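So, here come the structures, one by one.
Both complexes below contain chain A, partnered by chain B and then by chain C.
Let's look at the complex of A and B:
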């Protein structure tokens, strides 16, 4: 970062600020990594990196869908409940084979997304309330389907949850693949451009003749399906379905990752790389505090401070 | 249809109102206004009538008292939330502040009632104040600021209670305990306090200058500022108020339970928001009333009570019904609001 600014001669304050906004989250990840290399015992081990990657994968996958929703100037609060719904359906339909069950779970996530999208795009309800309603109802439905924790014994799912190829866990690979796919969709497809245009200005997008409602519904379908995939993967890793607690507060972690990654809440811009870094940053922060025996209270306060700082840094960008 | 209505800003609104027949417009406008204002109340009455016909145990003194008591704490939180939502904001920190208030009150109760009340009010009020300053002066989005406050307050709560391992108890013979456990004329003290606060809140919101500022800021911030409403001060006040309400509700709850329970309050912010929205307050700000929020809370509690009474039904159905109900209400509200704007 320093080299970049030096290379351009005398950097003025505005440019420095923009660089900080754009690359601040990567710097944060780097600083935390360096700190851990230097001061945390047993940090530099393949096993540790695998654990970190597996832990961050579900949050990251949910955050990708959330980034899309936030890019259209919306938000999706129902993601945590969709994860719970996915885990319930997965263990209910396990009798038909793991892949059928996983498919049913992801389809259910897409259906929740259709409901969210229809409320938002056709009825015109604000995203917060529409997805809040499905958040409450979705968690309830998951509990109705599967009232308590249930063990999931399936060799295929167990392999998915704890297996690895060339030392890289499947979970991390899937998360990375989905991140690349999302980045491609946002940057290189018509759908991605349309979603961002809607986030920039919905009236303008409509006047330009974009299929606003269809795109919005599709965005929430993506978000729901991604959350369901995260639910399936989390179930596979835990080898148990727990609709009571799986995905609770996930919406907040996902929003945090997206916002810390530099995607503005005002829509019109999605930073997929930043979102990946944001999720990693929060994960590393938590790990660092835990490994240095700091109590959970510190972790939560530190997260709160990081969120406020990230939004404060992003604030200027909105006024550009 | 959406296309037309969403583009119908204020000028178009005025034009169409003049061009349409005056009688018909007024009546249907008034009707949808009435539905928006009293729809929740009508639903509550219907729900209670149906429940009392269906279950012998519903309309008994014990059951009603239980419902009133368990509604009281959420109602106080929803009262503060109403002010915030009318300004067009949102406060996600109330659940954490509710829990924090309860723990601080239980801890403070060993030094007397004054400390037990003042400590949670001061701390929660201060956190609300910080929220308000960050939102009004630093201009950060309310959603994120109060989300951070939710995490931060939960962190403070853990720090105070030795990472959640310690539970402070309230001496059940102290005066503070009577605030939660006592009753006056057969009705619990928390219910009286809640009713008094709601009367006060209704007067403040509809009859005072501050209340008018709250509506002005929520209706249109720039217009409010041009009219001379102190936008920043009003915003800071409503978030402080919301923090105070959540802290007080937590303290009363601790007095009722005789201990500061650390795991309470998670998800409470969403319950409070649902109640306010069901009560007819618009999340977009500028329209809403305090009595509606009380009705919204009662309606949620009646649904919960009925589902508990049907023994065969799992309590998870309560969430399904509440969520579906919330969806129906917001759809109805959007349509009613659109009617009012279009016609």
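Let's look at the complex of A and C:
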């Protein structure tokens, strides 16, 4: 069910394939790093690694929530809109202080999660349809609340966006903390186990007496709240609230990170470490192409190749 | 242990009710943003930079008269003008454009009907048809797309309604399907940006280009103008980096962060709109650079970018003028009186630099 159950004692070829499936994404990250060490000027510097960590943080945080949703055999398309909603609310409530405003923004993300979860668990709408509805509604609401880009001058938020402790940016620290927390929840808590059981087989989970609906709602609340946190952090980094473009296509980046990281779309399994590596892989890929000044269309093609490879590696897992 | 179905339903209702209540609470007026004092001047209070025609409307180029177009002479003051806006008024350009049309209609005492297509082309087509049905005698259209206007043009032609398009062109015959197009020359904007870049860098060094969204004529024309002029006038200035920032601040920032790490010796950055330029400023600040270390030239002329010049981060901003109101109404007035108007009218874009940024900050939109 989780990555703890590694296949042992299987024939060599199957074992190799298994290893590729489980560690392919890490190999990818390593290969890209080595390539950049060798061929990209000024790549090996603390400043560069800080930049990469800061740039990947919002995508990673959103991807953690997405991994939970995908683990229950669902998907959350509303994450990008939740980021936009969070940035709007953050700007509107900043007068009460940055922490209150951030709290309101995260609360709003959780509310969107409740709506998503309620539609999926109680009304029985397909996750892709339910979250699509909230994706459209969320962006609309964000733009009604804050029709255009607004600068954020709050010093505390600016410090959050660009500050660092012992050389590690706050954004990277928060993302790492949330990743560890998510890994703990998935592996060690009843809630995590129940979510994965539901992803494996919802009817079986129901027959086994699991609180299916409550767990599903909670999963989407987590996803919404994480997306809202990502929205707050992205706003702090940009020093502006931009609901028109913040988080656009974020749902696709997050799904890519999760899938490349080896979490199957069929549910029942969440690889948090793989998701972190998946997000890092996509970030490094984009960075490599930008640093070598290759045309932007190449980035999209390269991403497509990585996704196809990841799906190819995962195809054995799909056949259960 | 197992909750009954009834209990589950109740939980569901409570959850839903709680969700709804909190969203309502959020939406109601207990918001308090950072600067509620209202320091931001509204569009109507702006100094209207007015408009000067760059290419004289009637002196050169093909022209159009009401006799050639069909229809009767009318007085603009008694007519009803319909205005169809293409995109949501969510960015400074669109806000200033609509405000300019409204302000001019008010100043001229013309009855104005407006519609906004919210970036949906089918909505814009029905918007314009609605405007005609509501009795618009003259139309000002900011088209979302260039193609697909046949149904509207047919209706308008049947009633001899003069059409002026602003900021984007439609693919149709001037003086037959529509009267004139009023807009900026994006290639020229790119060339002027190149001139400013040469001036700021002394014509030597390495320049990066933050491109706009791919497949957009604004991007291709602003790039072409810039590159041609650099090649022609400053062979010592090399363009070493071209990446898209998709006209967004966030993307401009992350691309620039990568740029300044891989090419620390970069001399200048040409951003094809203000937002990406402001993203570049953020990135430079984050990398510990000082104002003026890297010369930035941008296009658009929004207030934030002009403020950037005052603060020393941006070297020059080429304006892309959104204030089409005075020119559009003057064109319609001249045309309905029976006089000649130009088919392609180029609006004058001003520019901001160290010399005028402080004094002209009020003109920026």
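We take it that the second predicted complex is superposed on the first by the 308 of 320 C-alpha atoms of A that agree within 3 Å, B and C clash if a C-alpha of one lies under 4 Å from a C-alpha of the other, contacts with A are read in each partner's own complex, and residues count from 1 in each chain.
Simple rule for what comes next: a contact is a pair of C-beta atoms (placed from the backbone, for glycine too) under 8 Å apart; a residue touches a chain by one contact, two chains touch by 3 or more.
As the structure is a computational prediction, the values presented were derived from the model and not from experiment.
Judged by the touch definition given at the top, the superposed model places A:203 against chain B, while chain C stays out of reach.
Judged by the touch definition given at the top, the superposed model places A:134 against chain B, while chain C stays out of reach.
Within the superposed three-chain model, A:303 lies in touch with chain B and out of touch with chain C [touch as defined at top]. By the touch criterion defined above, A:167 reaches neither chain B nor chain C. Contact with both chain B and chain C is seen for A:122 once the two complexes are overlaid on the shared chain.
Touch criterion met: A:259 reaches chain B, while chain C stays clear of it.
Of the two partner chains placed around the shared chain by superposition, chain C is the only one that A:114 touches, whereas chain B remains out of contact. By the touch criterion defined above, A:312 lies against chain B but remains apart from chain C after alignment on the C-alpha atoms of chain A. Of the two partner chains, both chain B and chain C are touched by A:147.
Residues 122, 141, 143, 147, 213, 295-297 of chain A touch chain B in one complex and chain C in the other.
Within the complex, the chain A residues that touch chain B are 75, 119, 122-126, 128-130, 132-144, 147, 202-203, 206, 213, 249, 252, 255-256, 259, 265, 295-301, 303-305, 307-308, 311-312, 315. Those residues of chain A that touch chain C in the shared complex are 40-43, 45, 47-48, 51, 55, 89, 91-96, 104, 107-108, 111, 114-115, 118, 121-122, 141, 143, 145, 147-154, 162, 209, 211, 213-214, 217, 234, 237-240, 242, 244-246, 287, 290-291, 293, 295-297. Residues of chain B touching chain A in their complex: 2-3, 5-7, 90, 134, 138-141, 143-145, 147-152, 154-159, 163, 266, 270, 273-274, 277, 283-284, 314, 316-324, 326-327, 330-331, 334-335, 338.
Chain C makes touch with chain A in their complex at residues 1-3, 8, 11-12, 15-16, 18-19, 22-23, 26-27, 31-36, 88-92, 95, 211, 214, 240-244, 246, 248-251, 253-255, 257-259, 261-264, 275, 278-279, 282, 285-287, 304.
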